Amino acid sequence: MKEQNRKHVKIAVIGGGSSYTPELVEGLIQGYDEMPVSELWLVDIEQGKHKLEIVGNLAKRMVKKSGLPIEVHLTLDRRAAIQGADFVTTQMRVGLLEARKLDEHIPLRHGVIGQETTGPGGMFKALRTIPVILEICRDIEELAPQAWMLNFTNPAGMVTEAVTKYSRVKTVGLCNSPINFKKFLAEAFGTPESRVLPEFVGINHLHWVTSALVDGKEVLPELLRGKKEYSARNVPTLGWDPQFLQSLSAIPTYYLKYYYMTTEMLNEQIASLEKDGTRAEVVSRVEKELFELYADESLEEKPKQLEQRGGAYYSEAAVHLMQSLYTGRNDIQTLNVPNGVIYDFLPADASIEINCVVTAGGPIPLAPRHVPQHIKGLLHAVKTYESLAIDAAVSGDRGLALQAMVHHPLVPSVSTAKLLLDEMLEAHRSYLPNFYV
Amino acid sequence: MKEQNRKHVKIAVIGGGSSYTPELVEGLIQGYDEMPVSELWLVDIEQGKHKLEIVGNLAKRMVKKSGLPIEVHLTLDRRAAIQGADFVTTQMRVGLLEARKLDEHIPLRHGVIGQETTGPGGMFKALRTIPVILEICRDIEELAPQAWMLNFTNPAGMVTEAVTKYSRVKTVGLCNSPINFKKFLAEAFGTPESRVLPEFVGINHLHWVTSALVDGKEVLPELLRGKKEYSARNVPTLGWDPQFLQSLSAIPTYYLKYYYMTTEMLNEQIASLEKDGTRAEVVSRVEKELFELYADESLEEKPKQLEQRGGAYYSEAAVHLMQSLYTGRNDIQTLNVPNGVIYDFLPADASIEINCVVTAGGPIPLAPRHVPQHIKGLLHAVKTYESLAIDAAVSGDRGLALQAMVHHPLVPSVSTAKLLLDEMLEAHRSYLPNFYV
Amino acid sequence: MKEQNRKHVKIAVIGGGSSYTPELVEGLIQGYDEMPVSELWLVDIEQGKHKLEIVGNLAKRMVKKSGLPIEVHLTLDRRAAIQGADFVTTQMRVGLLEARKLDEHIPLRHGVIGQETTGPGGMFKALRTIPVILEICRDIEELAPQAWMLNFTNPAGMVTEAVTKYSRVKTVGLCNSPINFKKFLAEAFGTPESRVLPEFVGINHLHWVTSALVDGKEVLPELLRGKKEYSARNVPTLGWDPQFLQSLSAIPTYYLKYYYMTTEMLNEQIASLEKDGTRAEVVSRVEKELFELYADESLEEKPKQLEQRGGAYYSEAAVHLMQSLYTGRNDIQTLNVPNGVIYDFLPADASIEINCVVTAGGPIPLAPRHVPQHIKGLLHAVKTYESLAIDAAVSGDRGLALQAMVHHPLVPSVSTAKLLLDEMLEAHRSYLPNFYV
Amino acid sequence: MKEQNRKHVKIAVIGGGSSYTPELVEGLIQGYDEMPVSELWLVDIEQGKHKLEIVGNLAKRMVKKSGLPIEVHLTLDRRAAIQGADFVTTQMRVGLLEARKLDEHIPLRHGVIGQETTGPGGMFKALRTIPVILEICRDIEELAPQAWMLNFTNPAGMVTEAVTKYSRVKTVGLCNSPINFKKFLAEAFGTPESRVLPEFVGINHLHWVTSALVDGKEVLPELLRGKKEYSARNVPTLGWDPQFLQSLSAIPTYYLKYYYMTTEMLNEQIASLEKDGTRAEVVSRVEKELFELYADESLEEKPKQLEQRGGAYYSEAAVHLMQSLYTGRNDIQTLNVPNGVIYDFLPADASIEINCVVTAGGPIPLAPRHVPQHIKGLLHAVKTYESLAIDAAVSGDRGLALQAMVHHPLVPSVSTAKLLLDEMLEAHRSYLPNFYV
């Protein structure tokens, strides 16, 4: 298409004061030729105003250095940001790191995995987040009905499913875990990322890699044998029992350790809590350091330290996705989208994490060529919990919330579920208006 | 049909030396008008010869007293018993109570539920039993291809599924749990059994009652409230958390306590082990007493004590089923049959426990009017384990066995699964020829 | 249940002036012990007032002769009739026989089958009838929300599906074709009806019998060979090509001749039209004679001549269904109910005609044990047309109506479909308010 | 990948003497950089030896002119050609144009569409072709088990399905119809082919375009309105009733005129037969002229006249597919592949024609975003016929063949089906060994 005919793009970033924002800005600058951004609106809540200013000013310095005609707006007015946007990204944390700390602490006290996106912690993150996301959706339906919402907010699968079920907003959920696997593969086999094609079966934070084509060759058996001296940092087969992997015929995502190695992970969490505090507390310290860097007015680019933050490549994933939706380049990305016909044992509107071709009309999922029998039950069990928790979040129904908690595979009994539910509802009370009307 | 035209029936009872046999004989005598039995073959293995003789002689005395022209044969020759049979029933215990003791003991030592039909114990019972059942099927395919096999052998769902998948024998699996629920309902509401219709969702030893019609009225809400002073002995809502039952909107079978109240059940098992030994040891004592009674040559009827044995109404269920298959009376019975189209999230050949109309052509399942969202994941997870374990039993593949064990919801980690698998394979080695070729 | 506790039943008959009513009244009288009727409301429209009085007075004489305490009400006030009813039956003809004549005439003029329930004629009967039925449903939802609606109104499958999709009324559709088949089987094999169990696959007026158990024996092969000298009047295999039946492995319903023997049926219709006029005209003469009989004040019972009317056993079917819903006797009846999980290639809310167990909670369909591959496409094609036509009836959307007509397997081309649609819409204009707003 | 590491490719062309071969050779030459071909084996049967030599020598001259190191082999030894091949393409006509003439003539005589791939003609082409294709598969299974078979042989959908069901050969079916639609779109909107993405719903020669993205914009409504003055030759909306297209919300393939405009097409066929003879006879004349051109030893390139042959872009499609399988470039192509989970109303192993991402591991189908309700019935009906015909071809079962013929939507009655079947079986007797053992 001729340059002068190209539509210029408006992006609204909900949670724009996040420490991840500089990576996103870098990506948009580097990808300007592919997709010209005319307006970038960083929006945050009153409580996050200070961070928004620090990050937003860094963003402005980065854009200025690039010489590109991108307007950067900092605002607390969400509706102004959304008005007429082409893309709305959401990266937020309802209750901030304080709430996350509770999500990690409370389950551990009852001998249950305490984690941000998995188990009772993930459930409560969903209960807090979904009502806020749906409010944002109401704004998008009104002010930018054609916009795509790119959701990074965890638990990304559940949040995306809630949007699909309870709004008319076009949405895609994103996680950096699949892109990290691709980068590992490319590095391990010394080939460009475009030459690797792993196949993911499952849902967000609960997937299995069941095939991996590298330069047109299936390398899964080689990966499962684990013999190759991979050069990459994050070898996805490390820490797993080799005999188990062999008979599984698939590589589980890291998050599956909470299910397959529950005892070990629980012990590690308890030990780590004693040593460093919860993960929330660790992240809190890292963030503090990052914002000190960002505040330095001589800084005009994304600092290297951001890459160690844990969420590496999130923004790369986001920029790629926006570009493909914008240009219709039909490349393959691993995304969280509605199940449709893919898994016949899951509802059509359940969110799944899967390879998609990203067309200008949206992502189209690619049915995995092989779904191992072994994993169907666990996948269905976790998705059942997720769907119950989503409905509970929207309705504020305690009975549904109890059923969700009871049927989570990591919760050992009804009695524990009841204790956890009561204690966590009370602890997060101020963020759960649906439950306390 | 005119009496003289009626086909007279030959029944072969595999495991005929079982302590349950007198109940079956009583049922056949009482139901003679409905279905005339001409030959009853009680067959057992060399090791069970002594019991077979005691039970068989009691059976002969019972028949003699009845004055009916039923021939009772005692034999160790399975093929002679099966030859031309109309019905073959299987009620056996590969490895006898000694093996059951191991199934109950070993998991408990690793902090896992030790139970005859659920968890690792049930899995090993399946591994031992399925190859023997399939040998019997080979005989039936050859010697009585039109016969129905009525399978009582536990784990009844898995054994029945194995027969469906790996043989051409027509089979139905039977459990006394649904018939007990019907009897409770009838007694509690003071109405005949024919006027109650509970709806069962699930599989053997993992079902939920989701509706209960009594005299044409839905009484589930009343049952869940638990207010009525039921007169029956075994009130199925006792012991459950009332708040949990309310939001579940269903009554779980007793066996679901192993899943929903894992911690409590584990503690109970450990306490009970210390006090009485395993359940296998308790049963062993009860059986000893029964056989002493049976051996009394003046006894000509089923002794009352048998009803306390735990398997009450098994034989009533069996006799009813045979009669309905024989006469085509199209009544409703709760049976273990292939899933077909009933649950769209389970394979067509998975065995399920469900209300069926029993026609002369076999049972036809009745799709439940409502399958609660809540329970789909757990149901799928347990069925996945079952199918893997069945395939492992047939193939002797240790990798499959490991996957089955790992994906059982009651097994907490791959490491525990491996320990259990190794120890239990070794303990049952002599009964697992497929694993030790 | 004790007599004094039994609920006495109110029945509203919409289209009570129908010539079939005496059969229904006879059935209710004969079945009084099973289900005591206290009120029978015959309701009709102004145009049918004369017939209503004739039939109604015969009904009163019949009840009087029986000596039973059944009140018979004749009314034009539909709401009074429905108020608090336990059962509402609908047997009506929107546009009367005049409209039927057009349904039969117009398609024939374009070389297309002209039939009351099949093809374009059936489609227009649905377009006229569905809006009226849904008005009745609005009344039932308000005035008798617990009532069962028994729908006899043709095209019964489509009308029933419309009620399921567009109202909250509990409904079952009824046709006499399956009951006729059972009567044929029983007569041919000299056994009571309760001893025969044919299996029906398909939808109303488009089903195949794929199995027939008589006294517990499969007799389908024998029927397909057609060798037996059946004594019954209506032998269902007559007129079919034997070679075709053999390879079909099923007995098609008579109505399938419109699909499988289109040329022959068309020729027969044209010949018959010349000789006797349309079927509507024949029926018109028969009805005239019947009403002359009914008007005879000395008549106190259903006249024999009614049995030749073509709709024999409709009322038997209706009375049986009401009794089973009332008593919960769990017998098997062949009914039009929502598909649910039965045919995985049809929508869950599509109506199908199928064996059901009739419980007090409603009918539960029995999945056919075998669905022949051969017939799936035709079945899906006709159901697709039906669903489109139902949606067209409700919306008055001409585009949908065109798609329905085009995709009817008996309509040869888009151009014919357009001609037929335009001509028939115009001809029935006064009965199609949704299309002429 | 580095050049020296690239695998060089061996291609076997079954039916190498076809007039299409020069186009294929041109494509392989032009695409050499993408996929280096070392050996091209043109294989034909004794009867086609003369044509093979003419075409083969032209192929050799074309390669020589290109200067590329491609060996061209001409042979009658199919096994030598297949041995170790990477790709086997099949483009053949069992019974040659003589048989096609019968396929077109005989049905017309009975008032039924006479066409090469649709209706009874297509069915008999399948009956003749499938056994020969499966013989070739036996060779591939033995001599080149890793090869991909690219099947162009019509009826391409049925032949591909037969290979999937009855062999272990990896196969893809190809038709030029989708690629022609893409070229039309690109030309009409003045954009490169890579910027258009139509969505195809259906099966080979029976598909509907339900969406068309051009430069990221949905243009289907514009196409259906047909207002634009498209510059392209083959406007796919020409000849259709505009009102019908509007309510269909999709563009049917040309072949659907046989179903939607049966009367018109039949009249056209009869008229055309009188004027030019059958299509087979027309093609015969065109082929004669082409071979005269090919025989000219001064000709070193594909002659322009070939493009008018009707099968334009077949070879482009083939070369693109081979390249994508070779390089794993993950582009989107419209192919005939097994249904898998895509259409839940069709069997998993039914062949469908659908957009696929072509990976190095094979094509992965993209589930259409919208499957119009309207067309499901017709699609299922034709696929049912196809599956029956395939099974008939393999088994030689006349009953199955009759059921296939009867259930083809274009065959009006069982009696016509029987006549057609008998006459066509007899006419093609020498090519139907399975039916005449």
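By letter and in written order, the chains are A, B, C and D; residue numbering begins at 1 in each of them.
Everything below uses one rule, namely that a residue touches a chain if its C-beta (ideal position, glycine included) is under 8 Å from a C-beta of that chain, and two chains touch if they have at least 3 such contacts.
Just so we're on the same page, UniProt names per chain: A, B, C, D = 6-phospho-beta-glucosidase.
Because the structure is a prediction, the values reported are computed rather than measured.
Of all chains in the assembly, none touches subunit A and also subunit D. When chain centres are defined as mean Cα coordinates, A lies farthest from subunit C.
Inter-chain spacing, taken between the CA centroids of subunit A and subunit C, is 55 Å. Averaging C-alpha coordinates per chain places the centre of subunit C 46 Å away from that of subunit D.
For the pair subunit B and subunit C, the distance between C-alpha centroids works out to 44 Å. Counting partners per residue, subunit A has 344 as the residues that reach two or more other chains. If each chain is drawn as a node and touching chains are joined, the picture is one closed loop, every chain linked to exactly two others.
A complete list of chain pairs in contact reads A-B, A-D, B-C, C-D.
Residue ranges of subunit B in contact with subunit C, taken from their complex: 1, 195, 197, 211, 213, 215-218, 326-328, 330-332, 340-344, 357, 359-362, 364-367, 369. The residues of subunit C lying in touch with subunit D in their complex are 240-241, 243-244, 246-248, 260-264, 344-346, 373-378, 380-385, 387-388, 398-400, 402-403, 406-407, 409, 412-416, 418.
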